[in-house]
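Each of the two complexes below includes subunit A, the first together with subunit B, the second together with subunit C.
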Partner chain A sequence: MDYKMIPSVCSYCGTGCGVLFQVMDGKLTGTMPMKTHPVNEGKLCIKGWNLHEHVVSDKRLQTPLLKKDGQLQEATWDQAIQTTAGKLKAIIKDHGPDSVGVLASAKITNEENYLAQKFARAVIGTNNVDHCARL
Partner chain B sequence: MTNSIAEIEDAACIFVIGSNTTACHPLIARRIFRAKEKGAKLVVADPRHIQLSRFADIAVTQRLGSDVALLNGMMHIIIKNGWHDTAYIEERTEEFDGFKTAIDNYAPDKVEAITGIAQADLEKMAELYATNSPAALLYAMGITQHTTGVDNVKSCCNLAMLCGNVGVRSGGVNPLRGQNNVQGACDMGGLPNVFPAYQPVAVEANNEKFAKAWGKELPDQIGYTITDMIQAMIDGKLKALFVIGENPKMSDPDQNHLEKALEKLDLLICQDIFLTETAERADVVFAAASVAEKDGTFTNTERRCMKVNKAIDPVGDALSDWEIISKLSTAMGYEMNYEGPEEIFKEITTVTPSYAGMTYERLGLDGLQWPCPNTEHPGTQFLHKDQFTRGKGLFHAIEYLDPAEMPDDEYPYFLTTGRMFAHYHTGTMSRVSPHLDIEQKTGYVEIHPEDADKLAVIDGDTVNLATRRGEIQVPARISNLVKPGLLFVPFHFAENAANILTNSAFDPIAKIPEYKVCAVKIEKAA
Partner chain C sequence: MEEQMKEWLEPYSTTDYKTSTFETMQEQAKEWLDQGKVDLFLGYKMVQGHPLPHFFKKDNLDEVDDLIFGQARYSLEKIATKIAAEHPEMKIGLLVRDCNQRALNVLYVWNQLNPDNMETINVNCCPSKLKKHADCSYLEPEKYGSYKKMVGIDNNMEVEAAEEFSQEERYNRWLYEFQKCLKCYGCRDICPVCFCKECSLEHPDLIATGSIPPEVPIFHLVRAVHMGGRCIDCGLCEDACPSDIPLRLLYRKVSETVEDVFGYKTGTHTDQSPFNLLGDEVTLEPKPL
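Entry: the complex of A and B
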């Protein structure tokens, strides 16, 4: 039996409570509050206690999907990335970089948000980048 | 937040306006209760009788969208009684005289006519806030999601400065962020007008700095906000949309309008952990890793940047968002070959002055609060200590304006929207969680018993709600949380989506839609 507790941060609101993910033999089994954490001091709300449940949901997306004949179908990463890059390049060529918009996210990490806006600005060439903070 | 979560419990007064804190930020509400135990006064202003109201020294239910009048009314009373902090105003602020002239017009009788708050209650609110120092002001989307969102926020700042509460421990103006990394997404430049750390794209020196760092010439025209993007889609100007970890079909203020916009796109790319209502419409869907399956950092509402650690491998073939963006970027001809999030974080610290002193090692388990300008700096617990970021604190003269839509003969009720305690945002995460789903399986509309009687509606009856935008059917929940004439719908549930009803009128500066106020009619379903 291999049991681990991995420190992390709850992603259910902006409070930022410290959590410990419980991992048993490589499977995520529970969420515990971090006792020493300056924000939540060993407490969690109902959402925090159940943070792991959405991660292990059988509704999670497991592969990229591409629309073919009006239906989303499973694809490989290479197919999904190359197809998307090709379409984006064509749209930029025909309509210019400002015909593309990127919505970064209040749910993903700082590193990922940084890359998302870098992608919009340096790769696409547009400042059309925003996220759902207002919503 | 200008201040920190832990500081709340040492405030002498806490003023909560437009935040249902026990439902939406329970571990911040805990600090309010601890403050109460230590003797703090609690003032609550919310159009609904929220749970926190029961514990307040004074709680009022202002008419929806009347916050500027309420706050101006409090300040009128404070100035009239000489409870304001004249030394602080003299030393640390400017434009007080113009502001005071505007406030002179908000006598309690006028404010009562607009807000519905009895004059004696308003006087008590003003006295408690102004005479118990330090006083912490807490707000959330009840203040911001209005066509006057910016005015509301400025009025909160006026009140805090008037009583010398900005730049002091346990005081401040404290917006409670709704999503886990709203703060970080803004800090990282996920906005159309600024690079990371709010460095404007239109300033040549900034543009040059980032062009050099990224090895690419960069656009200096301010881009579209999300609100502008939807109009640009309708107008045929925006052809491709890349949506990362968001579900605009549920979160946009006017779902029917958004649907038309999505139809006009040549390419919709969605990157998410679930097949959301928006992703179902996409041409490409990228399967992303969840919070437990990757490394990185989140920055919370008190500016605390904290480390997230990978606990398990991603499900199936899912990849971290940073890996997907890197792959797409490389395929587009701009190589991104990061070894991992730590390398990206190091790059962030070189271009983001407020994060410059942070390293993964220094973040440890507790994180660090920005600004943290160098590797010796301990982080910043509260802002504006000796002076404001801009130098002197600026008073704004703000006049009250009605919401974009008020009830009339055809749509006689006020409708407001918000969260309930067990669910999160558009429900993508919380509705697949068995222990959260069981708390609330579907949407509902809160209606006052008197209104229910008039409509011959009993608890659980299905009712039709209609606004100028659209119509939904939803079960009625008879409740004293709302006043007569006011209805409340939570926005987590796709099958009776609040955003079919809400008004997409938005604040002219912040471009935030008026989710909190619109006019609606209600009838019992046949």
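Entry: the complex of A and C
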């Protein structure tokens, strides 16, 4: 039997509320507000309270999906990346880089978000970068 | 209230008291773990500069030297119910303030924890109508602004004072408070005595779904009614409320009614609750009013 409280920061919005992840026997079972955190002082919004759900949800994708014959089918990462790269190249060639937009996410790290915008600007060549919290 | 709190704090505010209390409780917890009286001890430890709930175990007895208590107050007993649900035989030691102890009593009454599996080390704290003496200033009332005082309900008000408003004014003031609700369910999620598998607050026939604020005042009143015979006035709900709604005051009124009608002082003992209806027969016995 093992039970831990892991301090972390809510990733859903820019507020940055302090949370505690409750981990029982290695499984994430809940989220609680951190009472002494200077940002939220023991309070959370409904998203913060349910942070663990997007980690443990059954609906969470475990493998990439590719649409074949109108149906989403499981694929390997290599297939998914090759297909996406090929299609992006074709679209950019036909319609220009501004026909592509990159949507970054609150649920990835700062560094990953930096990479996403770098990819948009330096690789694709567009300033169309936005963030899920503004959608 | 503030004056009273200062008075309560006085005898326990010296560091000497804290140090000796820390040592005594650390020794006690070590002994229990070592002798197998408890399999695990729930208390607090400083982690990354924050006092966090922590689980001490026999295989790391030296760590018990880090066992502390301080101003941060978590519902350790609620955590214990989660552990007990998965590991019913586990013997759990718990650091309890008076509010934790009251919550434990309610959890025993409602069969959420087995008192035979629980051992507690008591630390004195938590001012409440159910426990006057306190040595923690955590609940020292926050000061509220003049707008709230003008149109809403000051969270530090006593039930009697809140009842002095005319009925219409009282209703409007409470509506002002309820309409700030974000429907975060934090009041329920943090509450040590909220353990129902199906929560009425999420029942679409009782409370309309899909809007913020939730249907008022029904959302808050449904919860208030359900706190009858359960709420032990710990104030954790109000602490967790991002909208500063005076929830504790609301539930205090409910508890007062439960006491007036059934003579039942929730959490101060482990007698059956008047609302614990088992079998087909209704045995509720209201006192003559």
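Criterion: the second predicted complex is superposed on the first by the 111 of 135 C-alpha atoms of A that agree within 3 Å, B and C clash if a C-alpha of one lies under 4 Å from a C-alpha of the other, contacts with A are read in each partner's own complex, and residues count from 1 in each chain.
The rule is simple: contacts are C-beta pairs under 8 Å (C-beta built on N, C-alpha and C of every residue); 3 or more make two chains touch, one makes a residue touch a chain.
Quick caveat: nothing in here was measured; it's all calculated off a predicted structure.
By the touch criterion defined above, A:R60 lies against subunit B but remains apart from subunit C after alignment on the C-alpha atoms of chain A.
By the touch criterion defined above, A:C45 lies against subunit B and subunit C together after alignment on the C-alpha atoms of chain A. Once the two complexes are laid over each other on the shared chain, residue contacts for A:D25 go to subunit C alone; subunit B is not touched. By the touch criterion stated above, A:Y3 is placed in contact with subunit C alone, subunit B being left untouched. In the superposed pair of complexes, A:H37 makes contact with subunit B and with subunit C alike. More residues of subunit A lie in touch with B than with the remaining chain of the pair subunit B and subunit C.
Residues common to the contacts of subunit A with subunit B and with subunit C across the two structures: 4, 7, 18, 34, 36-37, 43-46, 49. Partner subunit B is touched in their complex by these residues of subunit A: 4, 6-18, 21, 23, 26-28, 34, 36-40, 43-55, 57, 59-67, 72, 77, 80-85, 87-89, 91, 95, 97-135.
Interface residues of subunit A, counted against subunit C in their complex, comprise 1, 3-5, 7, 18, 20, 22, 24-25, 29-30, 32-37, 42-46, 49. Chain contact summary for the complex, subunit C toward subunit A: residues 39-40, 47-48, 50-55, 71-74, 79, 82-83, 86-87, 90, 182-186, 189-190, 239-242.
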